[in-house]
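What follows is chain A paired twice: with chain B in the first complex and chain C in the second.
Let's look at the complex of A and B:
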């Protein structure tokens, strides 16, 4: 990818392969975005925070047990879940929210769009670069805590751990997509970051608390609670991780039992596909909004 | 040398030719010919049909001696006292649930069932009014049915003073004891079944060193009194019941030195003890990594919990429904339990926390009223609710229990051998792979600029 990006970017019009040009253009922006991201202080801070907290949670949940083999991954995962659900959406939403709006505010978006590339390429390139950077930063956090688990717990539940990483990556990409939607429609980074924080608060706290309250007030039935809950990517993420870990959602009480009984083996795929929908639909929306915009 | 060669020849012959099929009447003839109390050697071969033993003999199966019930009825039925069945493979019972066909059914006492392999049978070993028997070292796997259609791997019915040890039961219904007293149940393994060890109206028994993994419930005692559970291990019991140990209306139970790990509920107590003057003692157990460490119905009382380690349970103790567990004692002689979420301190360093342990959780209080809300465990919203309750004391619920003397350090509890873990290198290489991947990406993509960096860079 890197070898063909350079000529494609330098002289895009003369390239014989249009497909290669499109991909090359995206790759070019992706590299630029990735480089900018890992150089930015915010990103380093998030990575550091995520790593330190992930290691801390892993360590705490394994310490104090003489016979550590039992601890396995389950307990650590429960601790990690909360942490991931707080930090990863925040990280991805703010990164996405800053992307286009930041360029627009600094005036560099004009410069980018003056290049012989389409708006779609710019957007997808920026998305790919940031996505790569996010995954990279998650890999560092998960990698260090995997090392700790291997040392202290003897690596129980490797498969579940890999699936946890996969689901977390999907969560990050989904939230990044939402961040892009916010970014495309915002003029200033302060506004887009504010909106991103609001969305974060809504997804992490308000929707769950609201659903709790409505299930008490309206006496919602289990299927209604489940149906509404999986719309929230964070709940889908949580259920996905738990169902992969325990092969059932019994941990989540009657609603979980209902889901396991009704959907059985399809359940992990159902949850994964809602998460994929959260990646694809907002990204497509961001693309449409960005392409349709006449001005910068 | 020559013996070795002969042995090898035998092995080769055995491997080459399928075992010859014989009618069960061959065995009946051997038994008829034997003296009462004599040893009947069963030569290798498949014996087809059903066998009824009405004479005290020792059936000693040689390697490759197989009884095949041909999918009909009970394979081996013992009617005489003092029969021994050893070293046989028994398979192919019928599957008609009402007749309860078994691999081995014993209807008389003083039987010894030892080192047999039982497979593809509806019930494994079934003792009815067969007191003073020994069931030792058998491997039992039932018919591969869905759980609701399975039979019991081992069942004792009105059979007192029996020893049940070193047996392995896989994928069956229960290892169940009905109306049987004074048993010794030691070092058995039950996996992937319904109830690991199930007691109904069976009193005065010791269960020691049993290993129960991945069943619906590990040990379930019902209406059974004066039972002692020592050094058993209950691991990974999940599902709607999912109890490591369940007690239902049992008096004078002692639970000591057990490990209850990674179950949905470590220990479930339903109205035990139930009689006036009876007690329950739970001491020196390791209760760790469960979703709920201790779950008890609110009417539960007169239990004593001391020197247990409640480690890293999602919820250490919970009342099953509205109510508190304060009618039980969580300390004895000034020694409480270790709670890994205890936030108090031990100023004088005597190993006992200076502040009582009183877990309060608004979220779990809400769960007792609205069980559907359990969907929201492990989420930041749950933390938000707990935080609110701490910030606004008027919302703070009453504590579910009070441990006046919580231990400051986890007590030394010797667990049975931990499970082998060979996956450490895999996990380590996963860690290395992840770090290398992120490092590699940074080096490859983060270096040479394709487009000049935006002026001022991005924050």
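Let's look at the complex of A and C:
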């Protein structure tokens, strides 16, 4: 065996160097995760499905009012809202749920953790890589749709469309964080994916029904209904997009009316903050759970 | 180089490792010997700091639980079977791990050359034989030239040729001054590589000995593995010990060290006690170091 360089970890590293090393490790994992994700079938399938549906919605939203061709950006953004609320959480939750649990099931997690890296680096690196892959996937869908819209309908309402992309990215990152929490505590991918699907079902379908039922049973006041509603990231997303399209929340009934009048100009920021909280809090929880885990 | 103090690890109600302490100096090699479930793998995971445990373990004076990343920088790990994304090419895998260990890219090529894998960089991990995978794991472990190599039954999934390759590489490493800690099921490995043996049973250290202490004979030794019905294994071990043989029940048959010219003796002894031997395996022909032929 040849004589080799002394391991860098042997040095007493100063704080800035340690920080640089930590970031370097995260970047290594992120790069690998991103490369693996874009080479995977799920990425291709979701990207294709999202692109086809986004283009389809932009076409149909104008056809629906009696014309043919493509609607403008603003109308397409509104049309895409429900599609995004269905597909994007599913994409992100399942991608997140498979991340750590998949590595654990394949036995690769133990091998990675046996390297000179910390659990935080592994988790944040994987999160960053998957987040980038998801955002790329969404950008491809939105980009193709936007290209066609710009060609057929000009740039009307492009601001609303960009805000829609921003809110969609936040929704995707939030759901990815929730997926990571599920993944960290699951031993098997099948279990984590099952739980992720249940969470998706709960957020997309059950929470609306639950809120309606609770408001009747407990006779919730309008401010309480609003408070509970924005706890669901999908509702925050929906309200955020509608508000940012300069549309009135009156379409959402008394709750929307209450929100518009009570919070006024602060409302978009409140909703955006809720979305950011859905990214940060579950990711922090996943990190704590992963670091404190007794076994691999 | 490595120090374990009262390591205890519980999984729910089960105490997988119980109050294990030992210390190993630079350039020494330690074998962890015991049956399946004796706690070898759990102890290795504790020593690497990848699972939490009670007690203390340090590598080069660095606490593996408090400063795991720094401690693992001094350690190369070789698992039972390399688990890495099968689609990855060797060159890419080496590049990734070189980045994690913060060594220059050229070290990847040097490390592959050191284990005889030069020229295979374009191959995917899934296309490698078992022996090549283990050599790849060794190449990764050697990337930053760590002073300590920890191996978890590195040859258990290999055929005789693959096993020979890996053992040969480990012998070179030992000769070059590396400290080795390895779990093994195979007496031939223990005899040829270990200076010291920790015999584990039910998570506890049953004996802290040497290969000579485990298989005490003045003659060149060959180890045979006898396969019997499970129900008869304990009885057979007792019979053979009474007859003066060094026997170890390691969860995968009975390992018996015998003089090279009397390999049939344990089988005859068992036959006299009406214990049927279903199959035998003669393990690699190796002698206890230091014993004259």
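Convention: the second predicted complex is superposed on the first by the 262 of 296 C-alpha atoms of A that agree within 3 Å, B and C clash if a C-alpha of one lies under 4 Å from a C-alpha of the other, contacts with A are read in each partner's own complex, and residues count from 1 in each chain.
Convention: contacts are C-beta pairs under 8 Å (C-beta built on N, C-alpha and C of every residue); 3 or more make two chains touch, one makes a residue touch a chain.
Source: prediction; values computed, not measured.
**Q** Touching A:28, do we find chain B (first), chain C (second), both, or neither?
**A** both
**Q** What is the contact status of A:179 with respect to chain B (first) and chain C (second): first, second, both, or neither?
**A** Neither partner.
**Q** Quick check on the superposed pair: does A:282 touch chain B, chain C, both, or neither? Answer first, second, both or neither.
**A** Neither partner.
**Q** Contact-wise, after the overlay, does A:36 reach chain B, chain C, both or neither (first, second, both, neither)?
**A** Once the two structures are laid over each other on A, A:36 reaches both partners.
**Q** Name the contact category of A:113: first (chain B only), second (chain C only), both, or neither.
**A** It touches chain C, and chain B stays clear.
**Q** Which holds for A:294: it touches chain B only (first), chain C only (second), both, or neither?
**A** second
**Q** On chain A, which partner touches more residues: chain B or chain C?
**A** Here the partner covering more residues of chain A is B.
**Q** Using the superposition on chain A as set up above, list the residues of chain A that contact both chain B and chain C.
**A** 2, 5-6, 9, 28, 32, 36, 39, 106, 108, 115
**Q** Show which residues of chain B lie in contact with chain A when the two form their complex.
**A** Residues in contact with chain A: 235, 238-240, 242, 259, 261-262, 264, 288-289, 291, 311-312, 314, 340, 366-367, 370-381, 383-385, 410, 412-413, 415, 418-419, 421, 423-428, 430-435, 437-438, 441-442, 444-447, 449-451, 453-459.
**Q** Considering only the defined contacts, which chain A positions touch chain C in the complex?
**A** 1-10, 21, 24-25, 28, 32, 36, 39, 106-108, 110-111, 113-118, 292-296
**Q** Over in the complex, which chain C residues touch chain A? Could you list them?
**A** For chain C paired with chain A, touching residues are 11, 45, 48, 50-52, 60, 68-70, 72-75, 77, 79, 81-85, 87, 96-97, 99-104, 107, 110, 114, 142-146, 172-173, 176, 178.
**Q** Going by the contact rule set out above, which residues of chain A touch chain B in the complex?
**A** Contact set of chain A toward chain B: 2, 5-6, 9, 28-32, 34-42, 61, 64-67, 69-72, 74-75, 78, 81-82, 85-86, 98, 102-103, 106, 108, 115, 129, 132, 135-137, 139-140, 142-144, 146-147, 149-151, 153-156, 158, 161-162, 165, 204-205, 208-209, 211-212, 215-216, 220, 222, 225-226, 229, 234-235, 238, 242, 246-248, 250-257.
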